[in-house]
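Inspection log for the structure reproduced underneath, given as structure tokens.
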Amino acid sequence: MSFRENAKIIKTGCLGIGVYEIWFETSDIAKAAKPGQFISVYSADGSRLLPRPISICAIVDNKLRIVYRTVGAGTKEFSSMKEGESLSIQGPLGNGYDVNATYASKDAIIFGGGIGIPPMLELAKQLNCKKQIVLGYKDELFLNEEFEKYGTVTIATEDGSCGTKGNVLDAVKAHNIKGDVIYACGPMPMLRAIKAYALENNIECYISLEEKMACGIGACLACVCKSKDIDDHSKVHNKRVCKEGPVFNAKEVEI
Amino acid sequence: MPAESVNMSVNIAGVTFKNPVTVASGTFGSGMEYSEYVDLNRLGAVTTKGVANVPWPGNPTPRIAETYGGMINAIGLQNPGLDTFLTRDIPFLKKYDTKIIVNVCGKSKEDYIDAVEKLSEAPVDMLEINISCPNVKEGGIAFGQRAESAMEITSAVKKVSKKPIIMKLSPNVTDITEMAKAVEAGGADAVSLINTLTGMKIDINRRTFAVANKTGGLSGPAIKPVAVRMVYQVANAVNIPIIGMGGIASAEDALEFIMAGATMVAVGTANFNDPMTTIKVIEGIQSFMKKNGIKDIAEITGCVK
Amino acid sequence: MPAESVNMSVNIAGVTFKNPVTVASGTFGSGMEYSEYVDLNRLGAVTTKGVANVPWPGNPTPRIAETYGGMINAIGLQNPGLDTFLTRDIPFLKKYDTKIIVNVCGKSKEDYIDAVEKLSEAPVDMLEINISCPNVKEGGIAFGQRAESAMEITSAVKKVSKKPIIMKLSPNVTDITEMAKAVEAGGADAVSLINTLTGMKIDINRRTFAVANKTGGLSGPAIKPVAVRMVYQVANAVNIPIIGMGGIASAEDALEFIMAGATMVAVGTANFNDPMTTIKVIEGIQSFMKKNGIKDIAEITGCVK
Amino acid sequence: MSFRENAKIIKTGCLGIGVYEIWFETSDIAKAAKPGQFISVYSADGSRLLPRPISICAIVDNKLRIVYRTVGAGTKEFSSMKEGESLSIQGPLGNGYDVNATYASKDAIIFGGGIGIPPMLELAKQLNCKKQIVLGYKDELFLNEEFEKYGTVTIATEDGSCGTKGNVLDAVKAHNIKGDVIYACGPMPMLRAIKAYALENNIECYISLEEKMACGIGACLACVCKSKDIDDHSKVHNKRVCKEGPVFNAKEVEI
């Protein structure tokens, strides 16, 4: 079940250069939300009609947190909003991570890359197992300290300014990090590398994909990704990121 | 549903719709996903996403791009094929007290005929033939940009169809009345317009097209004035009823189409911005009628000459 | 004006423009009123409001209506006639270091020829022939919707003109490349596109048309995707340069047109929203070039294939 | 000379049902403004591109006041703005009233009807002569008390709830109001009646017209009205309301 709400902003903040957070007070959305799901955020400016999909970063009672990077006009608009104002949001959308699945009790490696890091925070909080958390940044860190209470955090930065110089897999190698199930969200090259790594090492692997969206609820077929098998809903090799995803078993999608 | 003191029901080719509001094909799936937000019983009809005789994979992604006051799409008519559609989507819709308009696509005349034949025995109310999709290589718009081929497809599907036929017209033509007259001559029971305007967006940073298909169909409030103009022109050129669409996001928008001559209207892209748009449009038309002492929606259909 | 480390100048039919930015005819008058807000010396060219051999009174009011992300206009080519234009507007513009493109309208082939002859000795740089105005009964769009008449007018004005000729195309056609090829065959030195899309708005409370002329021309950001698509198609169909327009309101918009194949771009409706738009576009293109190491604007003209 | 500014709102208010005021702090516009001129107010919502022309109701140092009725989305947006926020405005535009003309010392009748009343306030303030001020309303009054310090105020209301029942000319008759020059702003039927009255009584008469505008500065020819003679600028029987007007000698325009 998902909902459309005009949600009150109860807190905003800036977490780094171009990285912002908003806390919403919701009637129903937060209560229904799972880690890995997302919300559609709508612009108040009539020239921008499509929703901006943003992952849920934290769920606390009826409160929802998003952390996002300013990319274009939509996210810039959101970053100018203030406490007390409202935004139209819809959700929770997508499948999210299943923290009650059998595999979810295995030793986990949680990978987050760049602006793919925020959704992993609520996942790390809700997973009830041994957690290795590997976060990859370009340079400036954000959210990393908040992960520490949920597991062992390892950092990789492209410029080497903190942790391992390189990407998250470089950090895995450098620290000999091991696990039996992988959860990952981040840029496509990172996801491809992680998928390959998981296959090689025969580790179960769940990844979160992105695609441009129009409806965000599975009706328009804008946001498909290629699936290995014929999908049950589409009857072709396409799965909807907004509905069957954004979280996929890495084996079932071609990336 | 509140007791209606005004008559909003309309009739097209013998089918009675409880109100003149449906959805534009492709923007509402088969209603399943939207049924979480909208009581489908409230709608005059559900018009389903284009379906073909066999499953189509559609185009590569990105399939859409936002534009100023609208969007471009090049979904490429991905659909699960009629077999799945008839056993999954139609039974779902039959649970609701609303009419069903099935939008049909094809790559050749034979495809259309095959699909229409298969649909003839199905419990659906009308068929809408999409000869105006700009996003597929074969078929689609090619049929919708030449009067002769539009007429030919129309008579071909009319010959095999047991359901009333709506022909869906492309706005990417010099003279829309010529196309409307052609499908009327071919035997169409109604016309729907407009499909999308062919458009393009360039991603200047990546120096490539914003949608993988290069071009796509422009829809949304941005195109409404073109749609209203064409509905008005067609209303004054043919005698078959019109289902008007293109940028409708409010009751005021819908009333523009109705006054220009549309018997029914469809909400498309606006569903993406607000899934409750259809209901707002229905309620808004109703209160406009009450406020202005209009007893029957027919009183204002085509009232602006 | 800041020293430019990048080359923004472009050449069309032997005329060199200091940068690729002009204004869309009819949205900037002859520059007088805008010169309070814009240093006309900064512009690549000023393109003047359509002028005819004799004064035209234009259409009744209301002549415009706002639409979602755009507007409809049916000014009807009101103009003071060439005599006043040549003795008042041209001397005004000659005070500035910018090129002058004169937009010419007519109701018949003879009108166009008469006006072009009168302009041949005037100190202006290029003539833009408007065969695409949807708001006048005779002439205008009638010439711009059929390839043969477009070609005919082109060769007729080319025969008498001592200035390079730009033919301005209408987007209200099934196939824009056919029109572009026709005017190229007729001898046009360049094409400009797009003129407005024919649109309509209905005032549902007054139950009449929002503009007195019933239909009008839709312009503004709303139509940009259609314009970019047509520029791209024409760039791949003809060998003459293109002046692109339709909804340009920012440097990013202008760069879309340039990458799609436009040598020059024009800012139209956006001037109404912000009179400084042209300058912002020029400065924005310049900084995009600097940021991306583009030394000459020609490097990116038509770079998206 | 006119200017484009992002002007700070220093005060807002509601003067009656659907009638609002905004006070702007301007850099240049207020200093250059005359009574009868207007400003173009731009929407912050990208779906509305054209300016809303609104008359100048008061000029105090670098401050400008507008009083307007909420009609559609644009004026509704303005009415939701708060002190401290900004709006993009352009002006002063149009010709305005010439308070230094010879006729401006004659005994004046100032007519304001409905939302045509606001521009007459600054005119009443600046005119240095004997002033009869006749204000016509549908029912609810606004601004009327502010006029009292500048002249004798007579009220007409359509529903008769205050002053003369009827229109402004009914009030003129009822109170035998006389003058040698007329200034009027209001709905077209009122202006037509006043023009006829002025011609009959051979009184000089200045009226303020309205038309839909796109540029607001004289370039686009959207806003013309019919002129008696061939206009000097257009060379046809059209005058631009935004440039040659909005104030016209009633004799020179066909209304």
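Quick notes on this one:
Lettered A, B, C and D in written order, each chain numbered from 1.
What we mean here is this: a contact is a pair of C-beta atoms (placed from the backbone, for glycine too) under 8 Å apart; a residue touches a chain by one contact, two chains touch by 3 or more.
What you are looking at is a predicted structure, and each value in this text was computed from that prediction instead of being measured.
Chain centres here are means of the Cα atoms, and by that rule the chain farthest away from subunit C is A. We define each chain's centre as the mean of its Cα atoms; on that basis subunit A and subunit D are separated by 56 Å. Work out the mean CA point of subunit B and of subunit C, and you get 34 Å between them. Averaging Cα coordinates per chain places subunit B and subunit D 46 Å apart. In subunit B, the residues touching two or more other chains are 68-70, 221.
Residue numbers of subunit D whose C-beta contacts span two or more other chains: 46-48. If each chain is drawn as a node and touching chains are joined, the picture has every node linked to every other. On subunit D, the positions that touch subunit C within their shared complex are 1-2, 4, 42, 46-51, 88, 90, 211-225, 233-238, 243.
Considering their complex, residues 44-48 of subunit A touch subunit D.
Considering their complex, residues 67-70, 72, 145, 172-174, 197-202, 204, 207-209, 215, 218, 221-226, 228-229, 232, 247, 252, 255-256, 259-260, 288, 300, 303-304 of subunit B touch subunit C. Within the complex formed with subunit D, the subunit C residues making contact are 26-29, 32-34, 36-37, 49, 55-58, 61-66, 68-71, 73, 75, 78, 80-81, 84, 220-221, 269-276. Taken in their complex, subunit D has these residues touching subunit B: 46-47.
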